[in-house]
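One chain, chain A, links the two complexes that follow: it is found with chain B in the first and with chain C in the second.
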Partner chain A sequence: MTQILIGPLAVAIISTVLAFLIAIIDKVLNNYGQVKISINGGKKVLEVKGGSPLLGTLAAEGIFVPSACGGRGSCGACKCKVTTDVGPHLPTELPYMSPAEIQKNIRLSCQIKVRKDLEIELPEEFFSVKKFQTKVESIKNLTYDIKEVLLALQDGQTVEFEAGQYVQLVVPPYGEITESVQRAYSMSSRPLDKTHIELLIRLVPGGIATTWVHKFLKEGDRVEVVGPFGEFHIHDTPATMVCVAGGSGMAPFKSMLYHMYETGAFQEKEIWYFFGARTTKDMFYLDELAELAARWPRFHFVPALSEPKPEENWKGDVGLITDVLDRYVQSTIDKSKGLEGYLCGSPGMINACINVMKKNGMTEDKIYFDKFA
Partner chain B sequence: MKTKPEDRIAYEKMLPGVLTAQGFLGNDIRPLAEIIMEDEQEFIRLGLDFEEVADRLDALKQAGEKGLGEPITVGELLVQTGDARGMLPCPWGDGLYHKNAISIQPADKPQEACVEGEDMLIFSDLSIHLLRVHHFCQGLGSPFRLDPVFLKHLIY
Partner chain C sequence: MINAPDVGLLSLFLASILTSNVLLANFLGTCSFISISKDFKSSMGLGVAVTMVIGICSAICWAVLYFIIKPLGIEYLSFIIFIIVIAAVVQMLEMIIDRFSPGLYLALGIFLPLITVNCAVLGVILFMQIRNYNFMQAVIFGFGSGAGWWLAIMLLASIRKKLDNNNAVPAGLKGTGITLITIGFMAMAFIGFSGMIAVQ
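Showing the complex of A and B:
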């Protein structure tokens, strides 16, 4: 009996001793003490506890670099320039880096550990990114799979943003999801309303954030939002805007259109807005935007269905949104003031629209979009 | 059944919170080798071939991409493709795949009435690879599980 017990007992004792030793070694070797992070040539200097990934270390200091995967190195969003030598790029970083980015020491901030004093460069706009505490004021079904979520900012907070920018919604653990994740969504609210953030969120089958919004989130719930981010905005030129979206890609355009209409900004611009859906069940804001077009002569709204059913009696344009866009750019839209493309949708939709626009003489440097994928 | 070292490493990566928040195993508590073996047996029973099913899913994805993010009718199915930012490595370490989700469902059933796992199948570029190369359909309860019986029912 004693002999039977000796083996497992010995293994247990050795394991405990080893675990203890590892814990002590970890404490000694991974104790980096206080470390300085100098940002943009010393414009901002942080004194932080070393040892953690740069992404989380910056977030703890109130500097939010966009990230959509929670620091797993699988979204490639959290890029920043690290001018201090922190060793070669890791295999986890390389898939997201172009040769030029590698040359410029661009790194994924979630993969770099803060082990010594660092010098880094970040876009200035990241300094104005904040974490907002909000309360869900309303949730409306726009279609069977798109919801309009209106968030009211709490504690007297206000948000400053440009129409077209996005925020990251912080999704708390729920159901079988045991950790918090963040996902990016364009704001559909007007920049003049500084106390609300409105988002249009389409249910993605199997999607963690969209499932939470569609099946768990309720009016009155508290939600954290980080932002604003992004460079998608209206360019101050007289060129005609050619905007294309589908589904929840409507969000930045709703913000841009109502901002322009209500403030009278960018007065020289003519605006064409092409919105694609499959059937009338997938279409939303139709009456609202048609009314806006009726009241606002320089705005032209072109909704199109790709697969309308006969019983829907659809009177509008029919076809893939790229085909409809092609027809209008060729024959209807006045090109005398030049054209600018504004796109929001899937990478496939964006690439297809870019091809149509380039085929019609628009140049790529005048085609703007925020690719979320 | 003895677990191969590469399967043990892959299994660790399949747990929730490692490569993805949800992981690849759902609520399946069977060892990885057993999940794969039982699905292989089910494929044989149903007369399915991993390579051919993977090709078919790939073809559906390509046809679905023509919808530019909106649902599109492909034969008797409705296919919708969606993309997310970034890439996912295969848990076995033999490839890196764009993060996406393709959903397929019967075209004649209203979308709002379709339930994930009952009428609707979800897969990704990584799911196709896992099926083709590793014969791994994912664990029971995983949102991206390619259940052999449901696969046959939906795409054949």
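Showing the complex of A and C:
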């Protein structure tokens, strides 16, 4: 009897002793004390406890660097410039860095541990980034695979953003997904409505966040979003806007168009909006945008189907959105004030559109885009 | 108390590197051997890490064996206890290196967790147990076996680099296929050493 007991007992005691040792070593070694993080040459100085990755340390202080994977080093989004020497780039950072970025000390903030006083540089816009508690006010089906999700901000919070920017949706663990992830979605709501955030979300088969939104999210649920982020916005020039979108790439343009229409901003700009889909099943907001175009002379809406079926009775343009764009830029659009390209959609669509625009004499520095990664 | 075999430390060291190379004679630790050897620099890092971990774990496990396991008469649990000890030691090593030598951590850190499940480590410790090595022999055998593993992965990494540079490998054999064949040839070549020093 004792012989049977001694074995497991010995294993248990050895495990306990080792676990205890590890805990002590962890406590002693990972104690870096109070550390100062100085941001943008001392504009903001944080006193934090050392030992954790920079990304999480900053988030705990209310500064949210965009990150899609939540700090596992698999998205490469959380880049920031670290001017203090924290050693060479880690193998986990290198896949996401260009040689120029390595030269400039750009690091992945989720991979850098805060061990000593740090000096870092962040875009000013990150200071206005906040975490918002929201409640799902409504979910509408726009097409069979795109949903319009309206989130109402809670606790009297308000959001300040520019049309075209995006937020990160915090997806909690669900089903077999055991870790929280964040995914970026452009806001389709108007900047003037400071108490709501609207997102257009297309179901990506196998996508963690989109599956959650489409299959699990219900009206009344609580959702966290972090934002706003992004450089995609209307440029204040007299040049004509040539906007191209497909699928849920509609979102930033919905925000921009209604913002311009309702506030009369960017008076001089004429706007062409090309929206491509395969069949009428993939089309949405058709009536709303046609109506907007009828009321608003400087806005022209060109929806196009690439594979219309005869029974659909489609009266608009037919062809790949790049071909339609090419036709209009060559013959219909007035180029006297210059053209600016605004693109939002899949990388394939964006690259194809950039080629068409360059072919028609538009320069790359005047083509702005928001690629879905 | 220990009926240690009568071998000199130097010949034991050489034997563990060459004649009874843990990889090429006993085929232990092959998974990381195959997957990491495609990159020369990583092979170097992993080789150093394996050598260090086997050496240190041999010493600690020897103490555990003769001061805990044998006195209590629980040899039948030695596998489990060794695995727990190896995992804990690797974990501690990782934390210590991370704190005191960031440069070394950079080179080895990502490989340390891989080593916890490297069968070469457990294999060497079990050899130490069945061959009744004394403490010095166990340590030398541990470091020697680690060095042997290191030597083998460096050789394989060099060969693979050479193979990658010419297109003589048929498409169907590229990658793991030709690597396994290469390992087979290397193992046969290492049999050539077996007459030199015999240690069992």
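Methods note: the second predicted complex is superposed on the first by the 356 of 373 C-alpha atoms of A that agree within 3 Å, B and C clash if a C-alpha of one lies under 4 Å from a C-alpha of the other, contacts with A are read in each partner's own complex, and residues count from 1 in each chain.
One rule holds in what follows: a residue touches a chain if its C-beta (ideal position, glycine included) is under 8 Å from a C-beta of that chain, and two chains touch if they have at least 3 such contacts.
All of these numbers come straight from a predicted model, not from anything done at the bench.
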First, second, both or neither for A:G50, with chain B first and chain C second: neither
Partner chain(s) touched by A:V181 [first = chain B, second = chain C, both, neither]: first
Touched partner set for A:G227, first chain B, second chain C, both or neither: neither
Which of chain B and chain C A:S15 touches, first, second, both or neither: second
Which superposed partner A:G71 touches (first chain B, second chain C, both, neither): neither
Dominant contact partner of chain A by residue count, chain C or chain B: B
First (chain B), second (chain C), both or neither touched by A:P303: neither
Chain A-facing residues of chain C, complex: 64, 68-69, 72-74, 76-77, 80-81, 84-85, 88, 91-92, 95-96, 98-99, 102-103, 106, 110
Contact set on chain A toward chain B in their complex: 68-70, 72, 74-77, 95-96, 144-145, 176-179, 181, 184, 204-208, 246-247, 249, 276-278, 281-282, 306-307, 320-322, 345-349, 352, 372-373
Interfacial residue positions of chain A with respect to chain C in the complex: 3, 6-7, 10-11, 14-15, 18-19, 21-22, 25-26, 29-30, 87-88, 90-92
Complex contact set, residues of chain B against chain A: 16-22, 27, 65-73, 80-89, 96, 98-101, 103, 111-112, 116, 120, 122, 143-144
